[in-house]
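Two complexes, one shared chain (chain A), two partners (chain B, chain C).
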Partner chain A sequence: MEEASVLMTHAVGLHARPSVKLTKLAKTFTAHIELAVSEDGPWIDAKSIVRVMAAKAPKDTVLFFRAEGDDAGDAVSALTALVERDFDEGQADAANA
Partner chain B sequence: MPPTPDRNGLLFQGTPAAPGLAVGPLIVLEDEAVPNEAPASPAGLDPEAEAGRLRAAMSEAVAELAALLADLDAETAGIIEFQVAVLEDDALIDPALAALADGKNAAIAWRAALDTQIADYEAADDEYFRARASDLSDLKDRVLRHLSGRALPAQDLAGKVLTGRDLTPSRFLETDWTRGGGLALRQGSPSSHVAMLARARGVPMVVGLGDAELPDGGEALLDGESGLLIVDPSSAERAAFADRQAAARRVQAEEAAFRGKPAVTRDGTPVAVMINVADPAELDALDPNDCDGIGLVRSEFLFHRAGGLPDEEKQYRAYRRMLEWAEGRPVVIRTLDAGGDKPIAGLTMAEESNPFLGVRGLRLSLAHPEIFRVQLRALARAAPHGSLKIMLPMVTRPEELHAARRLFDQALKELQDEGTACAAAPMGMMVEVPAAAIAPELFAEADFFSIGSNDLTQYVTAAGRDIAAVAPLNDVSHPAMLKLITWLVGSARALGIEVSLCGDAGGEPSRIPALLGCGLRSLSVAPLALGRTKAAIAGIALGDAHG
Partner chain C sequence: MSEDKVGIVIVSHSPEVARGTADMVRQMVGDEVPLAWCGGDPDGGLGTSVETILGAIDQAWTNAGVAILVDLGGAETNSEMAVEMQPDERRGRIAICNAPIVEGAVIAATEASGGAPLEVVRRTAEELSPA
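Then we have the complex of A and B:
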C-alpha cells in the first residue's frame, strides 16, 4: 500500500476541471487508487469523477491518497504532483500563449 | 408603439450575474426536464431492457456533447468535458440501475438518482460546488430527452431574453448570442458555469428572480448590472434604457481602447496605474500587461477562510502566485489589516467601543508577533519570485515601522539559518492615519508611501463611509484632503520617497483630476476600473502647474 498526502491550493477546490484532470490521470494506472479528505477516510475511488466531486473538497484541503497494485507508487506520486502543480491551471495558459 | 396610456412596466429584482443591458422579447423556456407524472409503468418492466435504453440514451448524450466540443474555447470545452466525464462514470448510473432492478421505468429511475445528487450539491456550503447542481441538471435533462425521444426545440432563441428556472450550460452554448439577448433566471447562481460563460461572452444575466409570474412574449429590458428586469416597459422606460445602452456602448469602446495602453495625460505626463487585489482568484481573468503592477494586495483574504489562521506555506503559495502573475511588475502586499470593519474571529478585539480607533492594522500585528512572524516569513520566502514590496497598514509612529522592520529582519535571518530560500524586500507604509499624513518626515525610513484614501478621508472628515447619514461629508475632494495630499506628495518628494494612492478615489473619474492636481502620478484601482481610470487620465491636461 502506497500512501501520501498533499495540500490542495487550487482556488476553488476539487471542482469540475481539477476533478476531470485528477480522475483522468488516475485512470492511466492499473492500481486501485483511493482518495480521502481526512486521514481516517472515508476513502473514495479516485477514478470516479462522480465520487471525487461528491467529496466537495474546498481549497486548502489536505488530500490523502492510497493505492494498491503494481504501479501504486507511481500513481500516488503522479497524483500528488498534479495537486502540487495546482492541476496545471493558470501556468498552462501562460505556456501556451 | 400603441398610443395607449403609457403605464410603467412590471419590475422584477434579481441578483446580477453577468453585466450588460439586453432588450428583447421574453421567452419562457419550457421546463424541458420531464413530465412530472411518471409515465405509466406496468409492474415488472424488464430491468435488462430498461438498462439498455438508459445506456443508449447516455451514449447519445455523450455523442451530442462531444459534437459540441469541436468549436469551443478551452474554458467552455472544460465544462463540456466535465459533463462527458461524469456521463461516462459508472458511479453515476449505479443508483439508477439498482432502481431498475425493482422494475422501475428508466426515466424515473434516472431522474430520481440524479435528483438525489443534485440536491446534495444544492446543499453544499461552497458556492462553487452548489453551482455544479446545474451541470447535473443539464445532464439529467439531456439524457431524459433522449430517453423520451423528444428532440431539442427548434425554436430560434437568438436575440431573446430567456427565462426559466435555470439554464443548462449546454443549452447556453447551443444558443446563438451574437444577436444580443440575455438570461433572466428564477434560480441559478452568479458562480454557475452558465454565469461564467455569460460573463465571458458578454451576455447580460440575472439570477434569483424567484417565483414571480413572468409573461411569455412580453417585451423585456434586462439590466445585468443592477439585476433588474422590466417587462412591458413604458416608452419612458424604454427610452431611458436605450440611452443607457448607447452610453454603455460608448464607455465600453472607450475603456477597451484605453485598458491595454499605458496611462498618459493629454499633455503627455505618464501616470502609473496599478490594481488593488482582494483575492488572487481575480487575477485569473486579468492580463498583467493592462496594469503597472499590483498596488495593493489585501492579505486579509487569507485570514477569512474557514479553518483558522493560514499557515506559512499557504501564505507563501498565495503571495508567490501573485508575484509570478505580475511578471516582474511591483506587487505591494499589505500585511494583515484586520480590525475596524474587518474583524477576524479569535484575533481582533471584540467589543471595542470604537473599532476604527482601536487595535487594528499594524497595531494588531505587533500585539500578536507570533502571527505576524508567520506572515513575514511567508513574504520573505515569496520575495525571490518577483518584485515584492511589503506595506504596513495604520502606521502612526515611526517606532511601529522600526518594530516591523526588526521582525522582518529576524524572519529573514531565521530562514537563512534554516537554509530556506528567501530575500529582503522594500518595506513601506500606508498613509491613512492623519498623524502620519501631517508629519511624513517622521517616516523618512519608509521605502514608500501609499495613501489609503478610504481611511484617511474618514479620519480627516470624521465621517464614516458606511454611515449613510454622513456619507456626503466623507469626501476625498474636501479642500482639507486635497491640501493634505498635496503636502504629503511634496514632502515625500523632498524625502526621496515614492508615493502612490490606493483608495477607491483613484478609480473614480470625477476625483482623478484633483488627485493628479495634488501631484500624484501613481494610482492603484480596482481591476474593473482600469479602463475608465486610464480614459479619465487621458482627458486631463495638467498644464505647468503641477508637472
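Then we have the complex of A and C:
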C-alpha cells in the first residue's frame, strides 16, 4: 500500500475542472487508488468522477491518497504532483473554474 | 482493447445550450473524445430534428459506440428515432443516457476519455440521477 497526503491550495478546491483532471490522471494507472479528505476516511475511488466531485473538498484541504497495485507508487506521486502544481491551472483559470 | 473511445452526442432544443455544453466538455475534459452536438429547428427556433441527430451520431461515431445526452421530450424521442434508423450493427452500440445534459455530458466524456466501454460510460453518467 502506497500512501501520501498533500495540501490543496487551488483557489476553488476540488471543483469540477480539478476533479476531472484528477480522475483522468488516476485512470491512467492500473492500481486501485483511493482518496480522502481526512486521514480516517471515508475513502473514495479516485477514478470515480462522480464520487470525487461529490467530495466537494474546499481550498486548503489536505488530500490523502492511498493506492494498491503494480504502479501504486507512481500513481500516488503523479496525483500528489498534480495537486501541488495546482492542477496546472493559472490564477485566471482558477477564477473561472 | 480497442483504442476507440466512446463518442459523445449532445442533443438540446437550444443550439446555444448544445454548443455551450460541448464547450464545457472540450474545456474540462479535452479533445481526445469524439464529440458532436445539435439543437434547434431549421428555422432557427427551439427544437430538435431526427436528421441533425443522425448527422451528429455520424460525426461522433467510433467502434466503441456513442453516448447521447438529451434535454427534454422531443430531444429524447427524436434521439430514439435516430437510433432506430441506424443500421443493425450500430444500434446496439448507442446509449441514450438518463442524466442531466450538461453534467451528464462532462461525466460521460470523462469516463470515455479513460477508455471505458459504453455501458460504463452510460452508468456513470446516470449515477448523477436520483435512483
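Quick note on the criterion: the second predicted complex is superposed on the first by the 90 of 97 C-alpha atoms of A that agree within 3 Å, B and C clash if a C-alpha of one lies under 4 Å from a C-alpha of the other, contacts with A are read in each partner's own complex, and residues count from 1 in each chain.
We adopt the following convention: a residue touches a chain if its C-beta (ideal position, glycine included) is under 8 Å from a C-beta of that chain, and two chains touch if they have at least 3 such contacts.
Bear in mind the structure is a predicted one, so any value in this text is a computation, not a measurement.
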- Item | When chain B and chain C are modelled together on chain A, clash or fit | clash
- Who does A:V50 touch here: chain B (first), chain C (second), both, or neither? both
- So, A:L7: does it touch chain B (first), chain C (second), both, or neither? first
- Winner on chain A touched-residue count between chain B and chain C: chain B
- Task: Have a look at where A:D60 lands relative to chain B and chain C in the superposition and call it first, second, both or neither.
- Result: first
- Taking the superposition as given, does A:T23 touch the first partner, chain B, the second, chain C, both, or neither? both
- Query: After superposition on chain A, which segment of chain B among 1-9, 145-153 or 433-441 overlaps with chain C?
  - Reply: 145-153
- Note on the structure: Interface residues of chain A shared by chain B and chain C, listed 16-17, 20, 23-24, 48-50
- The answer for chain B against chain A in the complex is residues 74, 78-79, 81-82, 85-86, 89-92, 117, 120-121, 124-126, 128-129, 132, 135, 193, 280-281, 284, 305-307, 310, 313-314, 317-318, 321, 325
- Query: In the complex of these two chains, what residues of chain A are touching chain B?
  - Reply: 7, 9, 11-13, 15-17, 19-20, 23-24, 45, 48-51, 53-54, 56, 58-60, 90, 93
- Query: Within the complex, which stretch of chain A touches chain C?
  - Reply: 16-17, 20, 23-24, 27-28, 47-50
- Along chain C, where are the residues that touch chain A in the complex? 27-30, 106-107, 110-111, 113-115, 124, 127-128
